[in-house]
Amino acid sequence: MNILTLFVLIPVLTTLAIGFTKNMKQTRLVSAVGMSIQLILAAILVFMYLGERNAGNTAEMLFTYDALWFPSLNIHYAIGVDGISVAMILLTAIVVFAGIFASWNMDFLSREFFISLILLATGVFGFFISIDLFTMFLFYEVAVIPMYLLIGIWGSGPKEYSAMKLTLMLMGGSALLMVGLLGIYFYSAPSGGQLTWNLLEISKITIPIEMQRFLFPFTFIGFGILGALFPFHTWSPDGHASAPTAVSMLHAGVLMKLGGYGAFRVAIFLMPEAAQEQAWIFLLLTSISVVYGAFGAIWQKDLKYINAYSSVSHCGLVLFAVLMMNQTAFNGAILQMISHGLMTALFFALIGMIYGRTHTRMINEMGGLMKVMPFLGVVYVIAGLASLGLPGLSGFVAEMTIFFGAFQHTDSFHRILTIMAISSIVITAVYILRVVGILLLGPIKDDHYLHLEDAKWHERLSTVTLVIAIAAIGIAPLWLSDMINVSLGPIVDKISITGFQFVSLF
Amino acid sequence: MTGTIPLQYFLIISTLMFFSGIFGFLTRKNLITMLMSIELILNSVNINFVAFNRYLYPDNLHGHFFTLIVIAVAAAEAAVAIAIIINIYRNFRSIEVDKVDEMKF
Amino acid sequence: MTINDFLLMRHEIMLVLIALILLIVDLNLKPTQKPWIIPVAMVLFIIHIIVGFLPAPEGTLFGGMFRSTPLINMMKNVLNIGVFIIMLQSYTWIMKPENREKMSEYFVLMFSTLAGMYFMISSGDFLMFYLGLETATIPMAALAAYTHHQTKSAEAGVKLILSSALSSGILLFGLSLIYGSTGSIYFTDVAASFGAAPMQVLAFLFFFSGMAFKISLVPFHLWTADVYEGSPVNVTSYFSVISKGAASFILILILYKVFFQLIEVWQNVLYIISVLTMVVGNLFALRQKNMKRFLAFSSIAQAGFILLGMMAGSQMGMTSVIYFVLVYIFSNLGAFGVVSAIEAVTGKVEMSDYNGLYRTNPRLSLLMMLAMFSLAGIPPVAGFFGKFFLFTSAASAGYYWLVFIAVLNATVSLYYYLMVVKAMFINKSDEPIAFFRSDNMTRAGLLLSAVGIVVIGFWSQVYEMINNLSVGLF
Amino acid sequence: MTDYTYTLLIPLIPLALFLFTGLTGHKFKPVVSGLIGTTGLFVVTILSYMTAIRYFWTDHVEGMGYTSLKAFETTWIHFSDKLTVNLGVLIDPISVMMLIVVSTVSFMVHIYSLGYMKGEVGFARFFSFLSLFTFSMMGLVLATNIFQMYIFWELVGVSSFLLIGFYYTKPSAVSASKKAFIVTRFADLGFLIGILMLSFMTDTFDFQTLVSPTGPAITQVGGAAFLGLSGITWALILVFMGGAGKSAMFPLHIWLPDAMEGPTPVSALIHAATMVVAGVYLVARLFPVYSLAAPDALHVVAWVGGFSSLFAAIIACTQTDIKRVLAYSTMSQIGYMMLALGVSGYGGHDGLGFMAGNFHLFTHAMFKALLFLGAGAIIHAVHSNDMKDMGGLRKYMPITHITFLIACLTIAGIPFLSGFFSKDEILTAAFHHNMPLFIIEFAVAGLTAFYMFRLYFSIFWGKETHYHHTPHEAPATMTIPLLILAFGSIFAGYLPFHELVTSDGMPFEAHIEYAVAIPSVLIGLLGIAIATIMYRKQTEIPQRLATGFGYFYNWAYHKFYMDEVYLFVTKKIIFNYISRPVAWFDRHIVDGFMNLIARVIERSAYLIKGFQSGRIQQYGFVFVSGTIALVIIFIYLW
């Protein structure tokens, strides 16, 4: 039994097990157990992976397993991981684990809730392990659809509207994606021979350039919509605002990462020439969304909206780095995905916990919470510092790597955009401190906040897990970035052998 | 006597019948009349078949067979149609086609 | 006739026999014993299905008027399964007192239309094709008007019979021109001597619009919604699944076998028509409040997707179309099954009646959700695979923009499918449909379709089998 | 060369203290964590002094220059195959000097806080933050490469943020901390970009490589010229921007006065002695690069420093909040240091300014910490920051009085006190290299003496305010540090800096130039005299002067309206004119477009519903016209 298959199998089995549970207690117990196993498994996978690498295994993908599924279309169930996907899997496992505990008291239709939550996770895990474009796409949509029910049933506010909007926009994205993938498939063997969906095999050939010009935008935007690419990001604020805690955590934490990962793994990796030609368009868009999201966040009143916009900004940074197309920037992009996944999940968890106590998310209705709930307050500050890029926390490492990667382009076009992106860290500081100042510090706004109690054990567990992860990456990033770097090697080679130069405006 | 009347005449006639049948189907208000215009269409087809067969492909009889079948089927169709129309009359107390628009949009 | 001949046209013979037997049995039954018809019909039909799966030889009868190949045989098997599910699902409805005494007619009519379709599918020349077509259509009108005391049903009947008469008239005119231009009505001869002369294009277009009427493609679809709404639910599901499926089978067969010279033309025709069909079907479906009407329009939109597969003009296209129809049968029957079960018990067909259904009838709602997702093409249920392969074959012919339009339409369709899910799972209701247990027959039918929806997608052997059979075409 | 690895403990002990008291502080009695912290700092101080003595004397071979050495280094992350970030410990004259400064002051402040913060809520939190700060500052000081410096630079910033906002229920404190963080953050933006450019041009972060006269930064002055300045110059100017932010140079100084919202020990530690001089330290670190590769950047440093010192001194004369006066005087003194570096040359006696700057940094740390702690004691006694509420305190709190006086004399540059020596060196350097700046500084010397004694007199002499409860001398925990620091500020000046801390590590001869020293002393005395006249007794002169200067006085009193300018930029421009439109645009245009699509689809669905009229003949008509349309398209149009 291939270890990677377990990553899909365990969640599925968990959902089945949940189907037989009687009440909320059993349900949450079962799902907690299942996801803890998943987390342990992810940790094991990391060690196995590093072990293999240290043993000198230089294959591009490890633990590969390949089963022919639809022979006539050459569709395989092909799985395998490299450092990047291992990192993403670890991230997912952590966030899901934290999410389960964050929604510990979900008493309304709890069985259905946990089932759909874990289904979503299944899709994400499957997406990260698969190296066959078809299965990748399949898992991608599996991950997207449960969102509708999760938001629509357990959400708050204009939940039907947000859920529908989110689902339709993401499905519109997958519409673009499908065209892109089909195109890639039918040009996966330009010199005759068997067409294939397999990432690695396609990466060995070069898709005809005029085809790339046509397909790249489809693929990139298709993934970009999930990655909150300006101007296709508007599903994210509403969706996050209406979603229940755990769902926002998973969605911003891992689901949006599917976009960045796919854009990198499929769009850039398979169509580097077109990417290099068209990069400047998308660079403009992404650098806009970096600054724009940050500025948008300054004005918001609703905690979730603030965080949603900051997600737009940070995910914009991911795509921005991906488009810079050099090893450092790629590394930064991956690190940024991970760090943003962790800290935004932490944010949403905290927001959910605060909301559960104060029953409002409007920052101007709250104040001085630090005094009544010090634990949550402190953790919130830590999350804030992480997201404004404080050294010692994950955000800093990622952003710095991205900036150093982006700065390697000497033409003024890239320089200007890079400096734009860098300047976002100040704006980030502004809105983070604004929130911290209004929400946590200062005198207590409302007297009946005085008898609110601090975090419960499960809330502490869920948040502390994330905090530890964030700090671990922030303090000792070397192992992670090296793990990613090694896997980036072949990708960068594939991209750099193409003799194109960046098309720049200046 | 073949050749005295060229094929085109038949075709013109049949085409005229065909379109007048369609015209009738689209304009007449009485269900029975509409059925009759359908018959008109079918007969134009029959003329086509027979004429083609007789003039162009005298050595086989596909056209004739087809015509016979069409006539038979037309009869069956008419039977069922009229039965349904009677049923309509029972339900609507009229066989005006415009009355029959309970379900729309 | 030899056993081989029987094997060649076993479906048709069996069906005709079953119909006759049922009539005879019906004659000798007192009104109180009428329900005996059902087991008889069931048993006979099961036998029929089993026989259908016997090894299928390839050959022709009646001097090429009738032909059968493993592929065709398999199409018929697919349809058989669908019909069987429908029979199961219609149990509650048919047992209603007002339908009891004429329940045999229901089966007889259904079987005779089915026989007609089978003749149509395995027709080797246009005469047999036309015969099959009419044999399929005329009883169908009777089925539509089955509950003749209801005005809606009567209206449905008259609308169907008249417009189908018109369409077959036009189709016939096309046939006559084909005959005039080629001198033969045998598919093989026609295919051999058929070019792209204006008259032949004209003939083809007339013929095509006749067929488009059957598959209810825009703008030849207008009868669909009314007939679907007016007819009894199970008849509606029969229309929307079986007759549509059969019609698409025969259309793709004829397009590939007879009009292959015209491929340039009909690919473009299909391009236009499919875009129209998807868009208009979706736009109409958006507004519908009545479940039957809603499903009618959704099935119109689905027909638009089927065309994408046909356009490939290759083995892949053939495979994807058959596979999609199979998937579509299960998905749509799942949906119709739920609708008919609910209508038979409570008589409610409005979408608003489904509010809060999940609280009272979780199983039904889950099946409905599966069916909706499958129709919308959401993984991991079968619909996703069906749609994906259709798009794949369309893309294989280079129609990337068409695929794009299609997927966008799929997104729009997702909207209204989700509206149903929303009604059942999210909306609150003051008086939701009370909990009820339908009888075992219906439940078996629902179960079958549910299994189909879930399994067929992952079970790649199905697709591969179809694919291997479609080889025979070229 | 012997082993200095143990210096790793100097930053690590405070880190351990921070984690320990931070996580478990609330478990046991507050004072415990205070004592733990103080003892920990004691150890650190011992280590620092040991290091200094070993480095400067025991391990030092006579006649040789002081070389920099890496006591420890480890890889933190690889940015690319060329750029690697290390964390390590760098030992060289300035870092050792800073070790002394930081550990001493920090230790003093710890002791002092034991008394000052007694009974405050969050006593443990306070000490853990102090340890955090000490850790970050040590890391900054000992950084082996510029990126490590940036890392700890940020950490220092955040710990200052935490300490300023220590009274987090007080809105003014919160906003002050926010302001401090954001302004410095903005400056750090420049720093970061500077680092990016520098590392891009030189492919290294490492200080030793950067500053070595044969290093890439200096030999190949890379980077395309932009606006007439070379790339390296721009890089260094941007780096200096970061330094200016931390060191509160004009125009990035506005956070410093507000930062006085923090507890007074914090002001003494962070905003007087250690963190604020980080900018000076940064420039000193990169000094060879500045002076050899980018003299233009060095001029910028000099002028910014000079102007800030004047600007601050003028404002200081008008403030009435004693901590703010001290804050501005800090700013002015740092201006001195910057200027000293700015006018310095590289190597030998040219490097006088470099030496003087560091020297002044050292002495200033002593007496300014002393002043702040003294002010703390006074506030502790009077419960007010405003000198209007004070007067005649000398008889109530003698020790404070004496130490404060010493400090004032020191800063006024009275001979034989430490301030005299360092300031004199600076003036000499300026005198030799840049006459206009010398004149400015000369004036500032007078101003300094004036406002310091204005402060002194209006606190300890002047009118006899009667206090509702008689103020009393501070407890021993607070007075002992005062005495120690007073000792430091008297005798620190006798250290042979010109032998220890020089631009190229080589000792050189420095002697007092009377041509500079005497006038500066005189103007200092003059300033004192004026202050004595005006403030020793209650007089009308200040009032009349204020009205006499009129507008100018008001401007100075309102700090030349800098805060208002900043407020305008942030509140008005960013919030109202950028952020709000962006939010609106996002909701109404971008999102509106998405909703528009949906609405269009829905509308069209209603528009076309007429086709389904329910009438058979209309259906037939559509059917036939459809067929005909196809025929037309494919027979005639194709």
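The first chain written gets the first letter, and so on, giving A, B, C and D; residue counts start at 1 in each chain.
Note that in this section a contact is a pair of C-beta atoms (placed from the backbone, for glycine too) under 8 Å apart; a residue touches a chain by one contact, two chains touch by 3 or more.
The structure displayed is predicted, hence computed values, not measured ones.
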Between the pairs C-D and B-D, the one where more C-beta pairs touch: C-D
Computed distance of Cα centres, chain D from chain C, in Å: 78
Whole-Å gap separating chain B and chain D, where each centre is the average of the chain's CA atoms: 98
Rounded Å distance between chain B and chain C, as computed from the means of their C-alpha atoms: 27
Chain centre separation (chain A, chain D; CA means) in Å: 37
Where chain C touches two or more other chains at once, by residue number: 158-159, 162, 166, 170, 225-226, 287
Contacts with two or more other chains, residues of chain A listed in rising order: 168
Per-residue overlap in chain B, given as positions that touch at least 2 other chains: 22, 25, 34, 100, 102-105
Pairs of chains, among all present, that meet the touch criterion: A-C, A-D, B-C, B-D, C-D
Contact footprint of chain A on chain C as seen in their complex: 316, 319, 373, 378-380, 384, 388-389, 391-392, 395-396, 400, 403-404, 407-408, 410-411, 414-415, 418, 421-422, 425-426, 460, 463-464, 467
Chain D contact footprint on chain B (complex, rising order): 22, 25-27, 34, 97-98, 100-105
Contact footprint of chain C on chain B as seen in their complex: 18, 21-22, 25, 31, 34-35, 38, 41-42, 44-45, 48-49, 52-53, 56-57, 60, 62-63, 65-66, 69-70, 73, 76-77, 80-81, 83-85, 87-88, 90-92, 100, 102-105
Residue ranges of chain A in contact with chain C within the complex: 69-73, 75, 134, 138-139, 141-142, 145, 148-149, 152-153, 159-160, 164, 167-168, 171-172, 174-176, 178-179, 182-183, 185-186, 214, 218
Footprint of chain A on chain D - complex, ascending: 75-80, 83, 150-152, 154-155, 158, 165, 168-171, 174-175, 178, 181-182, 185-186, 189, 192-193, 196-197, 199-200, 570, 574-575, 578-580, 582-583, 586, 590-591, 593-594, 598
